[in-house]
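Each of the next two complexes has chain A plus one other chain: chain B in the first, chain C in the second.
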Partner chain A sequence: MTQIETFYEVMRRQGITRRSFMKYCSLTASALGLGPAFVPKIAHAMETKPRTPVIWVNGLECTCCSESFIRGAHPLAKDVVLSMISLDYSHTLMASAGHAAEAALEDTIQKYKGNYILAVEGNPPLNEDGMFCIVGGKPFVKQLRHVAKDAKAIISWGACASYGCVQAAAPNPTRATPVHKVITDKPIIKVPGCPPIAEVMTGVITYMLTFDRLPELDRQGRPAMFYGQRIHDKCYRRPHFDAGQFVEAWDDDNARKGYCLYKMGCKGPTTYNACSTIRWNEGTSFPIQSGHGCIGCSEDGFWDQGGFYDRVTNLKAFGVEANADKVGMTAAGVVGGSIAVHAAVSALKRAQKKQEKAEG
Partner chain B sequence: MGVTTPNGFTLDTAGQRVVVDPVSRIEGHMRCEVNVDADGFIRNAVSTGTMWRGLEVILKGRDPRDAWAFTERICGVCTGTHALTSVRAVEDALGITIPDNANSIRNIMQLNLQVHDHIVHFYHLHALDWVNPVNALRADPKATSELQQTVSPSHPMSSPGYFRDVQNRLKAFVESGQLGIFKNGYWDNPAYLLPPEADLMATTHYLEALDLQKDIVKIHTIFGGKNPHPNWLVGGVPCPINLHSTGAVGAINMTLLNQVSSIIDMCQTFIKNVYLPDLVAIGGFYKSWLYGGGLSGKSVLAYGDIPENANDFSAEQLHLPRGAIINGNLNEVQDVDVRDPEQIQEFVDHSWYEYGEPGKGLHPWDGVTQPKFELGAATKGSKTNIEQLDEAAKYSWIKAPRWKGHAMEVGPLARYVVGYAKGHEDIKNQVEGLLRTMNLPVSALFSTLGRTAARALEAEYCGRLQKHFFDKLVANIKAGDQSTANVAKWDPSTWPKEAKGVGMTEAPRGALGHWVKIKDGRIDNYQCVVPTTWNGSPRDSAGNIGAFEASLMDTKMERPEEPVEILRTLHSFDPCLACSTHVMSPEGQELTSVKVR
Partner chain C sequence: MTDLTPPHLRSFEASVLTGDATPEDLETLRKRSSVYVYESPVRLWHWVNALAITVLAVTGYLIGKPLPSMQISEATHQFVMGYIRFAHFAAGMILTVGFFGRIYWAFMGNSHARQMFILPITNRRWWYEVFYELRWYMFLVPEPKKYVGHNPLAHAAMFFFMTLGITFMMLTGWALYAEGAGQGSLPDTFMGWLLGLIGNSQILHMLHRFGMWSMVIFVLIHVYAAIREDIMSRQSTVSTMLSGHRTFKDDRPD
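On to the complex of A and B.
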């Protein structure tokens, strides 16, 4: 394997003190939801692990994933790019273009065969021989297959790479196809959301660098640590849901009191993501907190699950906690359409995890 | 020997063909080909949008109240501006008015995007065309500190030690051999003109701006719940206001207003202390490099935006100006009517679509798109391995919109040229002040540098407007109005059987319009004509070249194989290809479609 400097060496060489380094490790631990006991473990990993090259390619997308990524606060985007990884190819940030950019890509593939992480933003369209998305005069899908071949692992950033997102919504005119349906022989981590939360993105990368393994994935291939629970499970407005206190119309008195947005079409009960815990932009807010229901942007095919304001209209009173899950199950069935009741989903996931452990 | 286009550019394909694909540091996918003569001058330019997503086909048959979320995903860089344009189009169609507070909040969000986008564009997408971070290693930190204190005495981060730290970090980064995003840059190209100290100062600000931008967008997060892609609402804004009573913690309250206010101030401080001084300092070293004017001195277009009062889009009520200038006649600013079928039309003779009738132009309300990917006879390579395009045939996924038949430039410079010509007081003062400071004539505006300068001035102006609308919001709340949404026509049963509307904004990259037709409560047709459709337009049937192409003409390249100058000028438009190359939807036409799931 090519000799690569450790993360810690790079940080020290760049004038970062041991003390700042340890502080960084403890921030990383808390960003990952790990206790203080993990800090020395992270520090040890950082001291001994090499700085990993990352190739970041773009298919059909809107660049919201890149934009979200640079919103990262813990760690800062500049620290990720300057000290944690070597971002050797990125349409959005790299200085070079055209032949020089292609050469940079080839160089990294050759030099770090089997040791680079491939981050995919967007997805390949397969209609018209792939020419709905052209890179260097060739179909993007060709570039994707080429760089995937020698990658250590693949991160599917966002709803586009994970599930197809908006361009794959019916009738999907370009046949936009998620990464895992094109690349089938590599470990793929799906980090869905439109876009994913910045700290979730950096959290996934940091986890991989720290522990030198993929995070534990659920049956859909998402990191369990961030996508294991529904937004509804941890929503601060949940007590209003349980108490039957709902917003009935935009900007009504109940809206001004911060009641539950379920009747306004909120998809929190059927959406697995960390919005209600990590929240957005350094914990500033998240959609429900700002008065709009969740649109379910981290769920597969969320564009085709009925309107964003569709709701269950035949709900009766449900004032106690015991009924809330029942309501949640109805919600999953009706709002989510094809989405299974979440209890069943959880059971499946448990089974899946056991199976993965057995295989691993 | 060349051919002169109707819009006055002489194209000559004799010289060396240079291909740049991918064009990086933009949103989306783009290719550019130029012909360079023996003296290194660009004599022909071909710009190609290389992606197509089909969003408007996807919108057909959906609930118009959902359209903002779909169209917002056209672009995650200018996030929110498509959503705003969409809710305006739907409200226009259905006759929905919005409350005053919603107008102020929408304006603050839109202006916040302008400020954020302009700063990120200048430092993270554009700076590396002017600034050489490798050369910064040769800088004397003490001299850099003196330079910083000269160009911006009130910026506190200016000590020699601070610049030495950044330089050390940069040095270690470069010496590691893992150059990351700087890999294979054109760092020994003579097109880079800054002294090492200016390079170190600007590279330092690249990092400062990267830290800052994540905080700027928190205004979107407060009102819209997240960024990128905050939430919007037909009829107003989704965030309720509760300043006084129980439950205020679940709404826009005093704490959040304070946070909005301090972010607005923070932006203005950065623009005043860093962005504008950098523009003048860097621009000062490049002020003899006045290539890239293209269409900016000939034909520019702006729809106008930022209405002072809710529901009033008349030109005199807009803070960003509306108007069109053609043939370089700054003495006459023409009115723009986006509903007039004769004014805005799109052509597809050189785009990968077909109308079934050559030379035909269609107004967006009646737009048709049938994708047709075919390459001209003179193409080099194959369908899936294009080495050189044939611009005599179809060559781009971008359509060619025209205003009264003219190819137009849109964007910050277009807005500023229109504003300047109209005598817009704020804009005129800013432009004259900058030209005076830099000792440049008005003609210098019509250049790559002018485009970059207009963007910086506009960031400052938009920052001030943010403050204006924040004060207006607070005053209105103080007067007893807490309302943020009008739900009278929320229910589709209140809608007419058929309706059509148009929404306009000035996105960071220029004039943006959405045209919608609604039938039986569903979207019947949805059309977007976006800034990069105007700027990145291919040729039309008359042979007019688009704004990107025009701006590259007659530029001197130091080394044709290193496209520093091409990137510099293309980036000055802040291209957004995902925006420009979504899709125009045919009425009732079936597109090839194979479902994945």
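On to the complex of A and C.
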């Protein structure tokens, strides 16, 4: 086996200057929330470590993760990361096709056995033996199991791979299943979102490549540095929430004033993501900034949480869908009414009894 | 002056001499007995808890369905939603501390302090009494029975809506609180697991909201029943929760 190149060598080969390389190192350090002291460490790791190849496979998905990824806000980071990833096999980005592509995949697996990172975009449908998603003539679930077997770690890109997303929304006819429910013996990092933010994607890959381990994860297996807080916690409209100033209708004056979108069903208070800090499209904006509530795309089962425009949503429990307020108010009304009737009957009975007593 | 009072009522001398008691009054007075049931920590907890739940239900409702927008001043100087949430969290903390205190008292207090926490479901007689009390509420029997502690129906309601209900509200409430407090915080260390278990916190919010409605329904029935029993049953209720003494209105058995 030939000597595996270091990250640095790969980058230089890709025409990246030393100066750009150092910039990238400091950018990454700050993106990951590390101090300046980490810049030389990252640089050193990059210079001395053999690059870790990344195999990127696609199941049931819409390619929005890839689309997001190649639109990284910092072109530098994106180029570097792209050059690090073995693009021998990536549906969207690879040059080869057909048998050549499948052969390239096998090559990479053999060459880097136990050393590569598997990035999964989309998820496998399990119904009908997985026939709802065919890759290279075989069900995707087969390919996924095959590639995952020798992977060091797995990245679940986006809501599809992490939670199932729209194809897994009720009633989930194809039984689309998130990656961690199919592959259970590998460390899996979830990077949910529909799609995830580009900088989050590059940041996660860079961290794993430089430090040779998964970043700190939260309870659901998401990188804590990007999914540690809710949109609501860092939202620039938060002061209006605390003040009790809300958009009451889409075309009202409050909407023009940029008040809080809570009453319009914004899912910011229940959504863990970095949109309100990193934002999208080179830090230009994010949904709330453009006047629309968050739909909670990086949360588990966000398609099945009732309307995007309702704050108090339906809940599916015991097979029935119900809205807490509708059920609760109706029940309270019925109980209140019954009490009134019961009280009236009680009073009547009591009067009757008294009369009987009086009459002896 | 001859004493008109029958000999067995002579002990109520003060009432007789001040003229505020008729012979009928004195007859009843003799028959009435009272039992000290609810010790002061139970009573204190009851009213603190009732107040906390009232505040929690009102503020909680307004958290999900906020008041109409107000333009009192600049957002920086206005904190309407903030105060509502603060009141909710403060009451939530009082509820939590109170409930733990109540559990402590279940161990330290008299047997009635334990009633709320245990349902004697293996006791056939208890089931009979539940249905008997139910029949009393359905006007099928002319008279309820006497109970020293909670009547069996109230007992069951308190167990499900309060013992389990408050536990449910505390668990879900603190898990929601953990979201704001942040990862690694104390609430997160204790209750964050629930968030991880449920996945999407929107679900948690709605479960918590369902819980509020169950509390509201309990309180409606509870307050009605307490006042109704006080008037119509053979024993005191509302004053029992104030003084701790259960008075019985007649000396007939059962």
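Criterion: the second predicted complex is superposed on the first by the 295 of 360 C-alpha atoms of A that agree within 3 Å, B and C clash if a C-alpha of one lies under 4 Å from a C-alpha of the other, contacts with A are read in each partner's own complex, and residues count from 1 in each chain.
Assume contacts are C-beta pairs under 8 Å (C-beta built on N, C-alpha and C of every residue); 3 or more make two chains touch, one makes a residue touch a chain.
On a predicted model such as this, the values are computed, not experimentally measured, just so you know.
Which partner does A:F38 reach: the first (chain B), the second (chain C), both, or neither?
Neither partner.
Touch check for A:Y24: first (chain B), second (chain C), both, or neither?
Touch partners of A:Y24: none, neither chain B nor chain C.
Quick one: chain B or chain C, who's touching more of chain A?
Partner with more touched residues of chain A: B.
For A:K138, decide between first (touching chain B), second (touching chain C), both and neither.
first
For A:H91 in the superposed arrangement: first (chain B), second (chain C), both or neither?
After superposing on A, A:H91 lies in contact with chain B but is clear of chain C.
Of the partners chain B and chain C, which touch A:G301 in the superposed model: first, second, both, neither?
A:G301 sits against chain B and chain C alike.
By the touch definition at the top of the document, which applies to A:A103: first (chain B), second (chain C), both, or neither?
first
Quick check on the output: what are the common chain A residues between the chain B footprint and the chain C footprint?
259, 301
So in the complex, which bits of chain B are touching chain A?
Residues in contact with chain A: 19-29, 31, 50-55, 57-58, 62-63, 65-66, 69-70, 73-77, 79, 124-125, 128, 165, 168-169, 172-173, 176, 178-186, 207, 210-211, 213-215, 217-218, 220-231, 233, 235-242, 246-251, 259, 371, 373, 381, 383-387, 397, 482-485, 487, 490, 561-563, 567, 578, 583, 591-597.
For chain A, which residues count as touching chain C in their complex?
The touching residues are 163, 218-220, 224, 228-230, 233, 239-246, 248, 254, 259, 262-263, 267, 269-270, 296, 299-302, 305, 311-315, 324-325, 327-329, 331-332, 335-336, 339, 342-343, 345-346, 349-350.
Within their complex, state which residues of chain A touch chain B.
4-5, 10, 13-15, 51, 53, 58, 60-68, 70-73, 76-78, 81-82, 85-88, 90-101, 103-104, 107, 125-140, 142, 164-178, 181, 194-195, 198, 237, 249-251, 255-259, 275, 280-282, 284-292, 295, 297, 301, 303, 307-309
Given the complex with chain A, which residues does chain C contribute to the contact?
64-71, 75-76, 78-82, 84, 137, 139, 179-180, 182-183, 192-193, 195-196, 199-207, 209-210, 212-214, 216-217, 220-221, 224, 228, 231-232
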